[in-house]
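This is the structure I want to talk about, given as structure tokens.
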Amino acid sequence: MKFGIMINEGPYNHQAADSAYQFAKAALEKGHEIFRVFFYHDGVNNATRLAVPPQDDRNVTKMWQELAEAHKLDLVVCIAAAQRRGILDADEAKRQGKDADNIASGFRISGLGQLIEAGIQADRLLVFGD
Amino acid sequence: MAMLHTVNKSSFDRNTFESCLRLAKEGSSVLLIEDGVYAAMKNTTAAEQINSAMGTLTFYVLGPDMDARGIKADALIDGFKIVDYNGFVDLSIEHDSVQSWL
Amino acid sequence: MSTIKKFFYVNRKAPYGTVYALESLEVVLIGAAFEQDVTLAFIDDGVYQLMKNQSTAGIGMKNFSPTYKALGDYDVTKLYVEKESLEARGLTIDDLMDLKWEDEDDDWAENDSIRVVTSAELADIMSEQDVVLSF
Amino acid sequence: MAMLHTVNKSSFDRNTFESCLRLAKEGSSVLLIEDGVYAAMKNTTAAEQINSAMGTLTFYVLGPDMDARGIKADALIDGFKIVDYNGFVDLSIEHDSVQSWL
Amino acid sequence: MSTIKKFFYVNRKAPYGTVYALESLEVVLIGAAFEQDVTLAFIDDGVYQLMKNQSTAGIGMKNFSPTYKALGDYDVTKLYVEKESLEARGLTIDDLMDLKWEDEDDDWAENDSIRVVTSAELADIMSEQDVVLSF
Amino acid sequence: MKFGIMINEGPYNHQAADSAYQFAKAALEKGHEIFRVFFYHDGVNNATRLAVPPQDDRNVTKMWQELAEAHKLDLVVCIAAAQRRGILDADEAKRQGKDADNIASGFRISGLGQLIEAGIQADRLLVFGD
């Protein structure tokens, strides 16, 4: 079965990203497909490569990167939500005249249409948020 | 169509769970996750409401979230079924759609 | 993509205190281009999103309430407001914005977009949906 | 010591306001801000609780947050005083300490 | 800095669902070095922070509940738990961790850090505080 | 009178930062002093210079920068909370082996002791959060 997942909150402040990760991992291990993981609202903050969580805690961004690497996941960050909150890739940084970018590898920035498409293509869409 | 409703908020802090119970149709299932799992405990001010909904809805609670919060299986209201993340995945497949109450 | 799915947007949060109402509306507008079957539900504090006379100058935030009036032009015409949520908040439909859509199949007749429904009616509508987006 | 309590959550969504009323001592003031302002409206399920607390607590509501949400002055429960951000600053000075109910 | 102020930490949120409980504890630990008069209150879902037997392996998050046991060593010895909040949740003090502190002025006698108080008692304590930190 | 302010949420997702800003502005215009503004939890996300909010909306980071500039405000970002969430200054980026930083000028990163000190030094401490 094909799943779509939407994540509405950033890592650490809320459990949403952790729950979504555990769900995605279980689904993949059972042989299901994840059509796309879409990061919206503060969820875009999952996609920064600049976070340095404490040594004795999990690294949520890295967890997503490794899961994506192993299963060719499509991790999509909403461009409008990301711009509001300061998550940029190199192209966006250039276009906006910013001197740095912070997106982690494995994530890509795109439009809200990608969320609707996930709703259409996936057999089930699950939302994790606050 | 049978729907899976997930609730991730404490029923003592927010009205989320109450709204879910008001709007979930007979035959639906409710899965408590994250801080939502506290509502599954016996002897709370929320317990009566759940007991009276047990006839029309099926109630599940996510075990890993119970464990994290120190809730033992014997502290649960009778009728709650404990699932892990695999069970969560299965539930989302067995139902026709999933509604997250946020 | 030829599949037509029923998309259900659940709005349960008040505007301005959090961004969910605004960013949910942005999804609805983008989603409208995909020609799916779109329904919006306003439950609990979500009903406050539709209040008349919003004026945000004093808090320095953008007033996005006029966007709800544009939904009809995007063929988003089904806005269900839960009666019980309105009543608990001491509100009636007169406290909400007057949202209309024009029916091109009926000589552009003006119709109300907002329909006040009971929880039981809303539960029926909800149970028929394919994709539920909550914010 | 007189305390200023601020509440920024809707009383219909969360228990924040209720807890504030339970724990605010006689002679304290309560200022509703952000989504907290909805509780100041007449004819709601929360109104009775506020009316009965009017004798022991003083209630304020932040005008700019009311305006943003389309709440007119005549929709307020009798006894609520409307202040702007200057008034919020003054209230925090007039009281000995400020507790934000989050 | 010679001023001694009464610092009051208000804990009203459950652990793990949000980070507030954990990051509040981090403030308390740092704050202990400043030798102020420190009191912690556990109200509403905040009482869940003190539950026994927390075990987070299944959710992949750090179990920070042992840190509460260290508070006594930092001279943080006043943890007030609201009785009404416990009761509404069907809990008793036996469901909470057994937190102790040793009184160096009384031959290191062991004392309970947690004190269950009524809302009226807590309201009195709260009204005497100088700085209220809520999370 | 001397105020301390703590902000617990990031910009846009919650009103907390906006309310704190309006309060601080009113206090300063009335001639009061702001001893410090301390950004904690997701509040650290107020301090990114990479955000590009829509043209027709406010720019919260810029609002803080301009208020700080005009009134010599001390805007302090909690280092532990910032590391978790990927808010870094140049020194921190170097120390952590990161290839970019994103802190906005006018903000400084420091420890939680700065919050306690604000509680001690200020006549009133106000918290804005979720």
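Note that the chains take the letters A, B, C, D, E and F in the order they are written out, and that residue 1 is the start of every chain.
The working rule: a residue touches a chain if its C-beta (ideal position, glycine included) is under 8 Å from a C-beta of that chain, and two chains touch if they have at least 3 such contacts.
Given the structure is predicted, the values throughout are model-derived calculations rather than measurements.
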* Taking a step as a move to a touching chain, how many steps at least join subunit B to subunit D? -> 1
* To do: Please identify each chain that touches subunit C as well as subunit E.
  => A, B, D, F
* So which one's got more C-beta contacts, A-E or D-F? -> D-F
* Among the chains, which one keeps its Cα centre farthest from the Cα centre of subunit E? -> C
* Would you identify the chain whose Cα-based centre sits farthest away from the centre of subunit D? => A
* **Approximate Å spacing (C-alpha centroids) for the pair subunit B, subunit C** => 27
* Inter-chain centre distance, subunit A versus subunit B - centres from mean C-alpha coordinates, in Å -> 26
* subunit A-subunit D separation of Cα centroids, rounded to whole Å -> 38
* Structure fact -> Multi-partner residues in subunit F (2 or more other chains touched) are 8, 12-13, 15, 19, 22, 41, 54, 57, 80, 125, 127, 129-130
* Enumerate the residues of subunit C that touch no fewer than two other chains. => 16-19, 44, 59, 61, 130-132, 134-135
* Asked: For subunit B, which residues are shared contacts with two or more other chains?
  -> 8, 12-13, 15, 34-35, 64, 84, 97-98, 100, 102
* Asked: Can you list every touching chain pair?
  -> A-B, A-C, A-E, A-F, B-C, B-D, B-E, C-D, C-F, D-E, D-F, E-F
* Structure fact -> Interface with subunit E, subunit F side, in the complex: residues 6, 8, 40-41, 80-81, 111-113, 115-117, 119-121, 125, 127, 129
* Asked: Along subunit E, where are the residues that touch subunit B in the complex?
  -> 13-18, 44-45, 48, 51-59, 61, 63, 65, 88-90, 95
* Can you list the subunit B residues touching subunit A in their complex? -> 6, 8, 33-35, 64, 84-86, 88-89, 92-93, 97-98, 100, 102
* To do: Show which residues of subunit E lie in contact with subunit A when the two form their complex.
  => 16-19, 59-62
* Asked: Taking the complex as given, what residues does subunit F use to touch subunit A?
  -> 10-13, 41-42, 45, 48-54, 57, 61, 80, 83-88, 93, 96, 98, 100-102
